[in-house]
Every structure is written in C-alpha cells, then in structure tokens.
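These notes open a run of structures that come right after.
First chain A sits with chain B, and in the next complex the same chain sits with chain C.
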Partner chain A sequence: MEKILIRVIDFTEYPGVRYKHQGNNDSGEDFYYEVIKPAFEKALNQEKILSVDLDGTAGYASSFLDESFGNLVYDFPFEEIKTHLEIKSFEEPDWIDVIFKETLKDWKRKKDENQPRKPER
Partner chain B sequence: MKKLKSKRKKFLVRKSKKTQDRATKRRKRQGKFHKRKQENSLTKAYERNLDFIKKSRKDITISPKNNLELLEHTNNVIEFISELKSYRNVAHEVKSIFIDLKDVISIDIGTISLLLSSVKELALYDINVKGNLPKKQNTKDAFIDSGYLEHMGEVSKSIKKSMRVSNKENLLLMLAKEKSESKKVGQCIKLGIKALTGKENHYPPVYGIIQEMNGNSVEHAYKDKKHWIMGINHDKIKNKLIFTFTDNGFGIIRTLKKRFNINAFKKMNWHTDEKILEGVFDKKYNSRFKKQYNRNKGLPVIKKAQAENKIKNLIVIANESIVNFNTGKASRLNKEFSGTFYYWELDLKTYMNGKNIN
Partner chain C sequence: MKAKDYLYMFLGVIITITILILCFQGISSTSDKIAFASIIVNVVIAVLVVAYFQNRESNSRSLKDYFINQISGIKCDYDKFIQQIKDEKLTPNEIKKKFKDFSIKNQQLEYFLKTELKLNTIYIQEQNRKIHKLITNSYEFNNLYDSIKFALENSTNNELIILHKDFNHHITSLIVEINKT
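Presenting the complex of A and B:
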C-alpha cells in the first residue's frame, strides 16, 4: 500500500505534554486534532498507510504520544488503525511498541467501557 | 438672640429627628444606607489592620546545620529547606528572611538547587530573601562556582568583592509557571549537552523524563501559584551534568493519597510512604488501578531511564520519603519536604549510551 508520510518535527521540534491547556500549541491533543486525525482520515479514504516519523525532535513525554495516537480509537475503527498506521523511529524505537502494544489497547479498553475520551477538569 | 423656650426647643429636636429618620428610611429603601456604612467601617477596619500587620511583620533568620550535602546528609538539608519553605504559609507575617550560611562547612549542587528553588518559591509569595556565604573558603567557592549568586536577588557589596569571575554556564535555572514550557526545556538541555560534549544536541531520554515531571506538575501538583524549577549544573572537574527538578506542590505521596483510598495501597503491600514512593515508579502499579488504563505511565519512564543507564544516580524526594534508584534504597525523612524533588546526573559515557553511540 502507498504511504502518506508525516513527521512530528514538522509540527514541533519540542513536543509538549498531554492537553492543549497545559502547553503552548505543542500538546498531544493539538497534534492529534491538527495533524493526525485529518491525515489518518485522508489515508483511509485513499486506501493508504499513514506513516508517522518520530525522529528529529527533542524527545517525548509518554502523555504526548498517548494523546496523539490514543484518540484515533475514538474516531476510527480499531482494525483500520492497526492496518493503516505505521510509526517510525530510529532514535527511540521503544515508542513504537508502546504505541501499538499499550496505548491503542488501553484506549480501546477505555472506549469499550464507555469512558469519555477526556476526563472532566 | 432670643433664647428658645424649652417647649420650642424640644419640638425642633423632635422635628429634626423625624426628618433624619425619613432620610434614613429612604436610603434603606434605595439600598444605599447599609452599603455606605458597611463600606466605611470595613475600609477603616482594613486600614487599621493593614497598619498593624505592616508594623508587626518580622525579620526571620534561619541558620542551617554545618553539613549540607544532599546525598550524604539528606535529613540536615530537608530540615533546613522545610523550615525555609514553611514561611510561605505565613507570608503576611514575614518581612524578610536572612539565610545565615556562615558556619556551613560542606554543601553540594543538590542542596544549592533546592535552596534556590525554595527562594524562588518564596519570591512568588513576596517574601524577600537575603543571606551570606560560608566562611570556609572551598564551601564558599562551591557556591560561587555553582552560579548560585547569579540567581539570588540581591548581592551585598562585601560578597561582590570576594566573588571571582564565575562562569554563568555552570548553572542554568529555569522557572516555569502554569504551562509546560517545552521549548525552553529543550533549549536548556541543548546548552547543557554543549557544556558536556562541546556541541549542542538534543538528548531525548532527559527531555522525555523532564516532560514527564513537567506534565505531572502542571496536572496534579497544585491548586494555585503553580510553578516548577529546573536546574542544570555542569561539574567541570568531573565533566558531568547534574540535573534537578523541583515541584513545590503537594508532593507525589500526598497527591496519591488524595486520589486513592488507603486500601488501594494496602492491596499492593505498600504499607509505608517509602513503599508507596518506590512502588509508584513501577510499571505494574498502573495495571492495579482500574479506569486509568492509559494514565500513570510517566513515573515508570523516569525509572526506566535509570535502569537502562541513560541517566545516573536518580534520587527522588517526595513529602517524607526518599528513594535512591541507584542503590535501590527507600527511606523515611525526619521532616517533610512539601513537594517533589528529582536529582540525576549525566556524564559523557552515559550520554553516549543513551544516544546509542559506540
């Protein structure tokens, strides 16, 4: 399948934390709604794979990646996410396993139990 | 003038009283009477109290114990810092605090960072902090070389005279309020790496763990006056970076106890605060707390960085507990530190390992 490539560094060199109100337009929530969600929708419509490159940034908080990719579970079918999402990283390859083996599964469990995607403040 | 007869006098007094009463009733109906009276009395009471408070505010002197190395004499340091920070709770009674360090014979960068972060915190409460330097020459030099004085508000003329030229790159200090300040964190780390290796570069393991601490601080730590303070010191002799992160909020243990019932801790055999602090950095902690499936992953990431030798000598102090992840020892402190304090180091070998450079 063809790929749509996006790089986190094109969004920010300094990824923030989880929520919009905690950062300066550099949060995982910002990245999901501004970049990941529209790009994934496009990839599904065009029958392509969304390939996300994590390299080149200053690094990541787990909450940034959790919010960036976990939200996909609430907006798209889980099986489609597994087949149409690819994560690349030479600098911190551990994050790939964390996203696919933990993040997506935790969010699916949350969704299956009808929990809101974002807790009330 | 004709003298008024008493009857006439009484009539006039009654009439003026009736007029006054009608005016009062009219003002009451209009809602003006009580407010004006109240405002006047409250303003006067406030001014009286303010005057009293200003006159009765105190100058405080704090004299810590002689040995203030955080790693060797942790209890001495925490007692001193705990006393200093306690004045934020009575800020309206304190005019200034004088930190008397003249008898201190040993200190390390961990203590200096804690001291500076406490001073920064007190400044948020408008408490003026002054002090002197140790008499012992090499302890005094440690203060000056650390860059401590660059970050203190006022430096007296006598201290300025005794200062050598201090390299400002020795200590970077960053204070952030409310938000995560990711770009500034990243840029400070780059400068630190430049001091260590000669070249500016990102170092994702340290950026990642600071962002975890950052995220916890802005999300959990406070009700008001949110802030955290990060310090990076370059030890030129040993060519290593010393990082500190101070979150002057509730502290990990107090935050957890507010969120979870004590039975939740008992179920995991966490019977003491030290066990709780140690356990919360373990990945399996997350799986024990239902409904939080995607949360509580930040602290295990911090421990993992130490375990994978991407950082060294990680120590965490929170409330009345300390955990040294290098030795694996968790113990209780004599006094409470109100907040969470992280300390860790990075030398060239650890940096190369973290970057996968052979």
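Presenting the complex of A and C:
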C-alpha cells in the first residue's frame, strides 16, 4: 500500500504536553486535530497508510504522544487504525511499541467503557 | 596479547625447534625420527592453542570491562538526573531532552550487549521509559509545562522512588550477568 508521510518535526521542533490549554499551540491535542486526524482521514479515503516519523524533535512528553494518537480511537474504527497507521522512529524505536501496544489499547478500553475522550475541566 | 608477547612466543618456539632439530640430527633410525618429529609438531600445536585461548580470554575480559564501565556511567548520570528533578533544578523542557538522550544511549548499549554478549534479558530502556512516562504524564508536568520551576507532587515522587530503585536493580543485575558470560 502507498504511504502518506508526515513528520512531527514539521509541526513543531518542541512538542509540548497533552492539551491545548496547557501549551503554546504545540500540544498533542493541537497535533491531533491539525495534522493527524485530517491526514488519517485522507489515508483511509485513498486506501493508503499514514506513516508518522517521530525523529528530529527535542524529545517527547508521553502525554503528547498519548493525546496525538489515542484520539484516533474515538474517531476511526480500531481495526482501520491498526492497518493504516505506521509509526517510524530510528532515534527512539520503543515509542512504536508504546503507541501500538499501550496507548491505542488504553484508549480503546476507555472508549468501550463510555468514558469521554477528554475529562471535564 | 600484545605484539611483544607474540614476538617472545615466536622466539621461544624457534629456539625450541632449533634445539629439537639439533637433537634430531643425532637420531639414526627412521622410526625414531618420525616419533621425534611428531613430538615437535605436538609441542608447536599446544603452544598455538594455548596462545589462542589466552588471547581470546583477554579480549573477552576487556570487552566485558568496557560494557561494565559504560553501564556504570549511565547509572551515575541517571542518578544525578533523577536527583536534579527531585531538587527542582530542571524545567520540563530540559527533562524531556534528557530523557531522549538517555533513551538513545540505552538503546545503543542494549543493541551491542545483545549482539556481542548475546544477552537478551535487558530492561534498562524499558525501566527508563516507565520513569519517563510517570513524570511527563503527571498532572504537575503537564500543567506547569511553561514554568521555570517544576516540582513533583508527593504521590509522583513516591512512585519515582520505587521505579528508580527498580532501574538500579536492573543495572546491577546486568553487571552480574555480564560477568557470568
């Protein structure tokens, strides 16, 4: 399958934290709604794989990655996420396992338990 | 073994063979000459085998010492890093960058331990990642992200103590494993 390639560093060199209100437009929430969600929609429509490269930034807070990719579970079928999402990282390859084996599964459990995607402030 | 050791060993073999050849010339019967020649060959083979295994053992010890030094260095730096977090000496951005540095160092070290010493039960990076997630997923980290000062809440600090203890336990276990290989 063909790929749509995006790099986090093209969004920000300094990824922030989880929510928009906690950062300077570089949060995981910002990244999800501005980049990941539209790109993944496009990948599904065109039967392509969305490939996200994590390298080159100044490092991640786990909350940034959790919010960036976990939200996919609330907007797209879980099986489609597994087959149409690819994460790449040469610098920190263990993030790939964290996202697929922990983040996505935790968010799926949250969704199955009818919890809101974002806790009320 | 150093080049000097090889030279001494070679000279020793040459001298031994020379003495043996001089003795050999004093032997008249063919069967005695054959037996004598086989003794010379066996001596040479024995010397070469001992030299080979001694050299291999020496190289293996050097490699283990190198890895142990690397791991000890990581432990020392990591202990300092965790203490700096507890002492509120790092901003959230600095913490993220340091975690990335450690992550890259750990993974490189684990790669060579697996390929060179065939060790597969290595958990340094896994433990580092748990600590990373604890701190950067915490309420205080996310809500004080733009602050110059960042302080852990008591509950996070308590969990950190346990995870850091586990990290050091893995480091020590790894050093023991390396010595056993």
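Here, the second predicted complex is superposed on the first by the 121 of 121 C-alpha atoms of A that agree within 3 Å, B and C clash if a C-alpha of one lies under 4 Å from a C-alpha of the other, contacts with A are read in each partner's own complex, and residues count from 1 in each chain.
Definition applied: a contact is a pair of C-beta atoms (placed from the backbone, for glycine too) under 8 Å apart; a residue touches a chain by one contact, two chains touch by 3 or more.
Just so you know, these numbers come straight off a predicted model, no measurement behind them.
In the three-chain model built by superposing on chain A, chain B clashes with chain C. In the superposed pair of complexes, A:G70 makes contact with chain B only, with no contact to chain C.
Of the two partners chain B and chain C, more residues of chain A are touched by B.
Of the two partner chains placed by superposition, only chain B is touched by A:E13; chain C is not.
Judged by the touch definition given at the top, the superposed model places A:D106 against chain B, while chain C stays out of reach. Of the two partner chains, both chain B and chain C are touched by A:E91. Applying the stated touch rule to the two superposed structures, the overlap between the chain B and chain C interfaces on chain A comprises residues 14, 16-19, 22-24, 58-63, 66, 91-92. Interface of chain B with chain A (complex): residues 179-183, 185-186, 189-190, 202-208, 211-212, 214-215, 218-219, 291, 293-294, 297-298, 301.
Those residues of chain C that touch chain A in the shared complex are 92-93, 96-100, 103-104, 107, 125-126, 129, 132-133, 136-137, 141-143, 145-146. Contact residues of chain A toward chain B in the complex are 12-19, 22-24, 26-27, 57-64, 66, 70, 91-92, 102-103, 106-107, 109-110, 113, 115. For chain A in complex with chain C, the touching residues are 14, 16-19, 22-24, 58-63, 66, 91-94, 98.
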